[in-house]
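By letter and in written order, the chains are A, B, C and D; residue numbering begins at 1 in each of them.
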């Protein structure tokens, strides 16, 4: 069985995100005064094959922890859907 | 509350003796904010309670010393009014937790130390130790550290002109990341980290103050907003772009006559910089935390005082200069806030939301910590190892040579330093790959040679003589490249000093370093101590990293390492 | 000849460019990003560095700086513009040059001195050089991997817009591209740093050849007027 | 009126993204042979205030085109939702 996976990795609350700060600055100097609370996250999409969802879930979880996110400063969440 | 007292001071990292001293100094019980401020400033990292006495062995004076230990960085006289500003600092623990950010913020911190003196940073070096690379975690640590150093220094545009990487299992649990920076200043324009002059204004400039880096050990952290999913990171994230702006703005203020003192915010954030500046000036400070530009809502006084958010500086400015200072920071899109003033109370007084939240005698919190005098005992292994004889040497020279040049401790380091911009600035006259790095001084024919070095086996096997040998090696490196060595900075990376054997080694090797420096006339102008580099299964070898600077009058006469042509004669010099 | 070097927050080769230009006996103005005045310079240099921290994409934010509007006008009138490293990235983002620079193929920052080949010697920037000449130039970048779609690449080739190429491709650029010019030939973008290669003691003198080309070309052009 | 905006910026098909390639490599060297077609995108979240959705939509569109994405190599898509 093949599953479509989407993982979102974003900074934890309270961690300085210099990139978002710089982009927010650029946006307001471009004249958009009505935009606020900009955050940036990384989105990963991939396909994974496995016998059952539970097994796949474990793999995705460990992949997030080991590679895709840095648990010291980042949170991650994922959605696993069956491929149509 | 009362029955929790013991727990409170322990959580703040203090001993009973220290707590009693605080009671004595204050004449009352400290409140939680005060206790946690004492906790961080009386930590080993800030107070040097285990090493203060030992550091006295170092020769710190000499005809070239303009500024010895005690300021943000040391300064040597390079002739014709030129100040050579340099220092080394460790970021070992943060790098073990988060290699990329830990190493990056280590670079950020040492660079701020240099430009807070009014000097323009012109070169970086780094000294790295990891466990062997056959372990995946060590590869992960090393990759992250090298990238962190590179990304931060490259963005700042400061060339990284040298360093060293060494692998040994004793660093499996405690990698070492030491960063050194060199800056240049006109001696009469040196700025100091001092708060003086009643009524002068204290300004906090640069990045916002967030909840990052607030020490988990601090007893109050249990009271932080409960939010389990988002555990507060004790690791800070660096923003080299912000630092670059801060650097340029501070450089523009070098000539400003109203600036009285400057210091960067490093470990223990506002607490340490405010208290230290006041202590150097023999003054008091009144701080109004409502004026601090914070990153998050509802921060407590304690969080603001302990935050280790990066890329911030503290300025003390005469009132009539405040607008001008603000204007310079505004030009660079930076915030500069007036957060307090200098007083003659001899105390750090902290106001928040209209209330006096804390009041601590400056002298007590900065210099009052009871110094430790741990037991010493010569480690048994020293005798035993001394008796070992070399194993039979392999006689197949081709094989030996192949093994040697492919050893991870000997092979080329190009894969490390090619990640660092070592040419930016148009001054690098000796690049990584040579015996030492060197940057020329624009407008003159002079250049400064730099090296960081430590072979930990020497002090491990023979603490005293090994300490000497580490200094000698740096000295030889500089001399070989044509430089007159002038002075050193050092980063003492050691295991837990409370174990008698460790303390013995620490003391002996410091004595050895001191002896060599005295003999060679290379005084010590500053440094850094990192103790407790010890894990469950391993403890590091004594690793006193020496950063040495030297001068050459004509950079065209620098000697590079490579063989220059066929038929040249090779000499082996020495005994 | 009067050069102008744009200074963005985060630029860090601005002073090096100024140094190199002055070393060659020319005058130099620093052009602050918030201003809208090119101070009558004859050639604009957009220097290397990390403008606005290179956040989002290298050069993405810098292109909106007030000074850039003037640089674009200047370029469209035929003025000489040299974008070096981060400057190249900015020139592609602002649309003066086609294509884009993405992360190096191996994701690593690379600092080195490497051979670069002259591909077109009919331009002001290669006025003193010959096609096929090899220059040893410093590089120092993390996002120097030039990308353009196949159609765009054909156009570049047909118009002779490829000016420099790597002998050993360090970053994954298509066609080993190290530098390109616009159709008019007056706007240059290159990843290597000519302003660093101006003294043997710094490891290279080949950068000087590019800067001197510009100066000679300028002198000849104005002499024939 | 305030709107919540989510913008996704991803590489166009056919453009090789060195970062995705490197992460795919790392995944398979970690021993996951069952993962394929990994892509990385950037996700921006922000709030924008405006009188009506149409006006806001135009602004978001232009922001994407001008700043958040580089049309030479990137596609973007966005969702604008009313704030609750």
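Just so we're on the same page, a contact is a pair of C-beta atoms (placed from the backbone, for glycine too) under 8 Å apart; a residue touches a chain by one contact, two chains touch by 3 or more.
Quick caveat, the model's predicted, so the values are computed rather than measured.
For the pairs C-D and A-C, the count of C-beta pairs in contact is higher at C-D. Centroids built from CA atoms put chain D at 30 Å from chain C.
Inter-chain spacing, taken between the CA centroids of chain B and chain D, is 40 Å.
We define each chain's centre as the mean of its Cα atoms; on that basis chain A and chain C are separated by 36 Å. The centroid of the Cα atoms in chain A and the matching centroid in chain D are 11 Å apart.
Shared interface positions of chain B, i.e. residues touching 2 or more other chains, are given as 239, 241-242, 333. Across the assembly, chain A contributes residues 18, 22-23, 25-26, 30 that each touch 2 or more other chains. In chain C, 52-53, 55-56, 61, 64 are the positions where the chain touches two or more neighbouring chains simultaneously. Remark: the chains found to touch one another pair up as A-B, A-C, A-D, B-C, C-D. By the touch criterion given at the top, residues 12-18, 21-22, 25, 70, 72-73, 75 of chain A touch chain B in their complex. Residues 56-57, 60-61, 64, 92-93, 98-100, 102-107, 145, 147-149, 172 of chain C are the ones touching chain D in the complex. By the touch criterion given at the top, residues 8, 10, 23, 26-27, 30, 32, 34-50, 59, 63, 66-67 of chain D touch chain A in their complex. Interface residues of chain B facing chain C in the complex, by the touch rule stated above, are 147, 150-151, 154-157, 239-242, 244-245, 332-333, 417-429, 431, 440, 442, 555-556.
Contacts from chain C toward chain A in the complex involve residues 52-53, 55-56, 61, 64.
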